[in-house]
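In the two complexes below, chain A is the common chain; its partner is chain B in one and chain C in the other.
And then the complex of A and B:
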């Protein structure tokens, strides 16, 4: 049993590592094919031909593609992600700095989404088809339909501009995290609430819960202890699946609130064609994404032993 | 004897209700679903407005009226005017055409390509299946919005490229769903019967497999359309989709963000249009899921 489990984990890790390698290659090749001369971008329109060639050699972009890729991989392994075409700063430092900002934002948002989302779902399931349930369901459905950037603009226009509760832009103080975190939390919150409600309703309808009721176990204990435990596996799955939406949301949220995170860095780098930044940001985000997915997958097998039989 | 073996319906095996009966029953289930009907109504209003509005209202969506800048909603311009004095109501109608066309085009491309790949993979199995599904796994390794961003980075900004980027990043969803559906019917008896009767593969694919993957694909396309609207609008909002001065819902929001303190209505109305349309599609999608879900039948 243990050996089978261990070899499954090893296999999954190996496949993920291979996937990451292919991803780096694809991103590298795709970006090298993009029109635009990095030397021109750095020196501007008036640069002489000799100076351009000099900078091209310095950046290594005059070498064949495969040579460039192998060199890039070697540097990557050593934690060197190259330097920006535009300002010449080391990319790795910038990625680490912006990545931290995004991680704080995403974790805060996810914490809000899980706590409030599950709470809303449980309350809904406790009084199915009541007025509160109806209200919550409409709110949840609206929540999945609101684009992240519009949610952000609405919050800025009311909670920041009109009522002055929180600052509209910037990053650093605890007050500045509130609006972006709420914005980013909206979509996963709604999805988690919806899944919690349906999964709790299913659990509450089971014979096992009926027996507990027959034994006069208090309803609150049934709800929070027995039914929730039974309903947890699908909720955990849907939480794991929110990471992709969280990345999309973070890119937009950071743009709306002017937060110096990796999402805004990616968009700015794309708009200014700064390839080392785009490459590093895309690879970093994708590696984080596949790693979290792998972790969720393995965690899920651990929570729900039934999963192990279908290896 | 032979034609008995070839017409499984005679044995009562795999006997499906006729298409007409199925459609009528489906419509009944859908019509009982109040939220889904509300969704259909909202969508009809939005579509009707965007299709007919620009024909009926003869105002240029890019016409500026600098003396009326940032004027709030009034009888003259229902949704107010933007920072160039342009009529926001007219711009929302025209912008809807751009956003919706891009989204519909995008879902069509991903549905056609995704289903073709998925059906071939699910029907043939073996190396074709491995090849297609590994490719899809590779695409799914990227967070979808990042993939779309990367494609726009490669193709350049513009509403057509944004739509294409959204289309490509959504292909794996269609491929996965249609592969699963095709693999499920592959071993059914009527497929074997057709094979034995000598029907060529491509005809089996088109006339037997395709109709059987239709239901889950229709559901996915409805919610996919909601995703595509948000996706196209998001890319435009970031400055990678539709470019000014042409109206597009996401680009209009981006233009309104600097005016939030003085004229919030500039950003409010295009956003309401997006939310209403996406909400309507999600409601319809839920309704369709109930129609096709065997558990509710």
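And then the complex of A and C:
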């Protein structure tokens, strides 16, 4: 049993490594194809041709793409992500600094999304088509439809400017995490709520639950123990998938709230043609995304033993 | 305390190695140069109290007595030598000080600057923050890492820098120009304009840069105020003369543009129509007006004469760099359509836009050029001299080049120099029609009700000498 699990994990890790390799290559090609010159971005409008050539050589961007890529991979396996073209800081440190912030933001948002989302879904499913269900469904529909950016601005203008409950920007204090986390949580929360409601309803309609009802098991126990357990697998899958949306949302959320996270810094890096930072940020997010999905996958197999047979 | 919300985080506080223009706004408060520029462009004393040319390529400066750096070291000629020679060799510094051959220490408080060739505008270039004098002890201790440990003689001294969170400066109580009224200044990067404004509204900032133009009219009702002051950055529509070789066509396009309508429609007082000059009006003194008047019928006639009817052109512009660039260009597009020219907007992110200009991959281009050394001559040298890196128009005019050559020895502030600049302006705008000046831009800030005396300079720096809070 354990050996089978281990070989499954090993296989997934190998696939992940391969995926990172493909992603880095794609990023390399895309950055190379983007108009704009890193040397120019660094030297500014008064740079001379000679100095531009020198800096291009210094950065290695005058080499053929394949040479650059091979050198990059060589450095990467040694854990060297290079230094920023723009400010010369080690990229690994920068990624650690900003990645940490984004990880805290994303985890908090996900915790809110999972707890509240599943809560809403269960309440909805407990009283299908009642007034509460109707209200929650409309709210959830709104949550799915609101652009992240707009949600952030609305929260700032009410909760920060009008009511003064939370700071409008920044990072570091517990108060500062509330608005961005809620902003970022909105979309996954709504998706999780929908999935929870529908899979709970499906579970509640199953013969297994009908039998339990016939045995007069209390409704609360049926709901939170038996039905939820049955409904959990698809919910877990959708939670894993939400991390993709979370990464996209984090870029906007970090920009709106002025948070020094990896998303906002990546946007800046793209605009200033800071290729080493962009590459490292993409690798970081790819690994984070794939790791989370691997964890969800394993969890899923644990929740639903039937999955293990198909490995 | 004054907390300033900025659109971008600084990259480097080492002036001659600055990475983005926003770096210099911070560095300018920490460092002083030998000389400074007043709002009308005249050169005034800073760390040097007197200066005079010794000959065409040598300048002597007497240093102010009793000035100390923030680390307690005293300012002397050797410190000036170290700083300026380093700046002259640096990536950004060399653009202004590259002409500097070496700095000679005459005595403790006297230096001589030896130039490679006559270069009258060296005084102007010494006012740019890249020429700020740094503590030699700090340079020796930190090397290039001085970008995170700046030590100067300026009104504010460096305290700490939490990346992407805040940069903290404190008043220099021993400042030679008198200690500033503010005890502390913080620069806080918040890229999103509406969030910056919200932070100002909640009272967690006292000043913000570049509030969205839409928000300006509503500032007063919430107790805030806009600070809109002249900026030495003309914004112009440039022609790639290799692609549009017929000067009649270029003139016709200039005649088709109603600059006042453009500013009224889109910029709402946040710019001044450039109907009478390319050079920042504040720097021109009494010079005669230069420009091609709005005359759409004349434009049509001229296009017909040139056999250029049904013309279709492409303009390369950045998404959001100056002010409402796309909206401004849409008005220009509509005005050109009136005279039968189809203008295609090629809108790119700022890196790609600038690359297209450098590669001369344009027919028309949109550009703003900062006169940050307060020297109009600099604009013509860098942008319109044959073969200059930033000659995006690919202008190759012997008369322009000859006058640019004369600038090298024409004394700053002299009538002779003003006459050369005036003639250059006429040649570029009216004769060769390399560009159509559209508007003169403004520095744009918003301040809280209790902030008094917050000002900016035409060189896009902050003047906090009279700023108080509460």
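Following the convention adopted for this analysis, the second predicted complex is superposed on the first by the 297 of 311 C-alpha atoms of A that agree within 3 Å, B and C clash if a C-alpha of one lies under 4 Å from a C-alpha of the other, contacts with A are read in each partner's own complex, and residues count from 1 in each chain.
We adopt the following convention: a residue touches a chain if its C-beta (ideal position, glycine included) is under 8 Å from a C-beta of that chain, and two chains touch if they have at least 3 such contacts.
These figures come from a predicted structure and were not determined experimentally.
In the superposition on chain A, A:285 contacts chain B only, with no contact to chain C. Judged by the touch definition given at the top, the superposed model places A:172 against chain C, while chain B stays out of reach.
By the touch criterion defined above, A:302 lies against neither chain B nor chain C after alignment on the C-alpha atoms of chain A. In the superposed model, A:146 makes contact with chain B only, not with chain C. After overlaying the two complexes on the shared chain, residue contacts for A:157 are found with chain B and with chain C alike. After overlaying the two complexes on the shared chain, residue contacts for A:272 are found with chain C alone; chain B is out of touch. Once chain A of one complex is fitted onto chain A of the other, the partner contacts of A:86 are limited to chain C, with no touch recorded for chain B. In the superposition on chain A, contact of A:25 is made with neither chain B nor chain C. In the superposition on chain A, A:255 contacts both chain B and chain C. Chain A uses residues 34-35, 153, 156-157, 161, 168, 255-256, 271 to touch chain B in one structure and chain C in the other.
By the touch rule above, chain A contacts chain B in their complex via residues 19-20, 22-23, 26-27, 30-31, 33-35, 141-142, 144-150, 153-154, 156-157, 161, 168, 243-244, 247-248, 251-252, 255-256, 266-267, 270-271, 278, 282, 285-286, 289-290.
Residue ranges of chain A in contact with chain C, taken from their complex: 34-37, 40-49, 51, 55, 86-88, 97-98, 153, 156-157, 160-161, 164, 167-172, 255-258, 260, 264-265, 268, 271-273.
Every residue of chain B that touches chain A in the complex is listed here, in rising order: 35, 137-138, 141-146, 149-150, 152-154, 156, 226, 230, 233-234, 237-240, 250, 253, 256-257, 260-261, 264, 267-268, 271, 274-275, 278-279, 282-283. On the side of chain C, the complex with chain A involves touching residues 8-9, 11-12, 18-20, 91-92, 94-96, 144, 147, 163-165, 188-192, 194-196, 198-199, 201-202, 204, 348-352, 354-356, 358, 382, 389-390.
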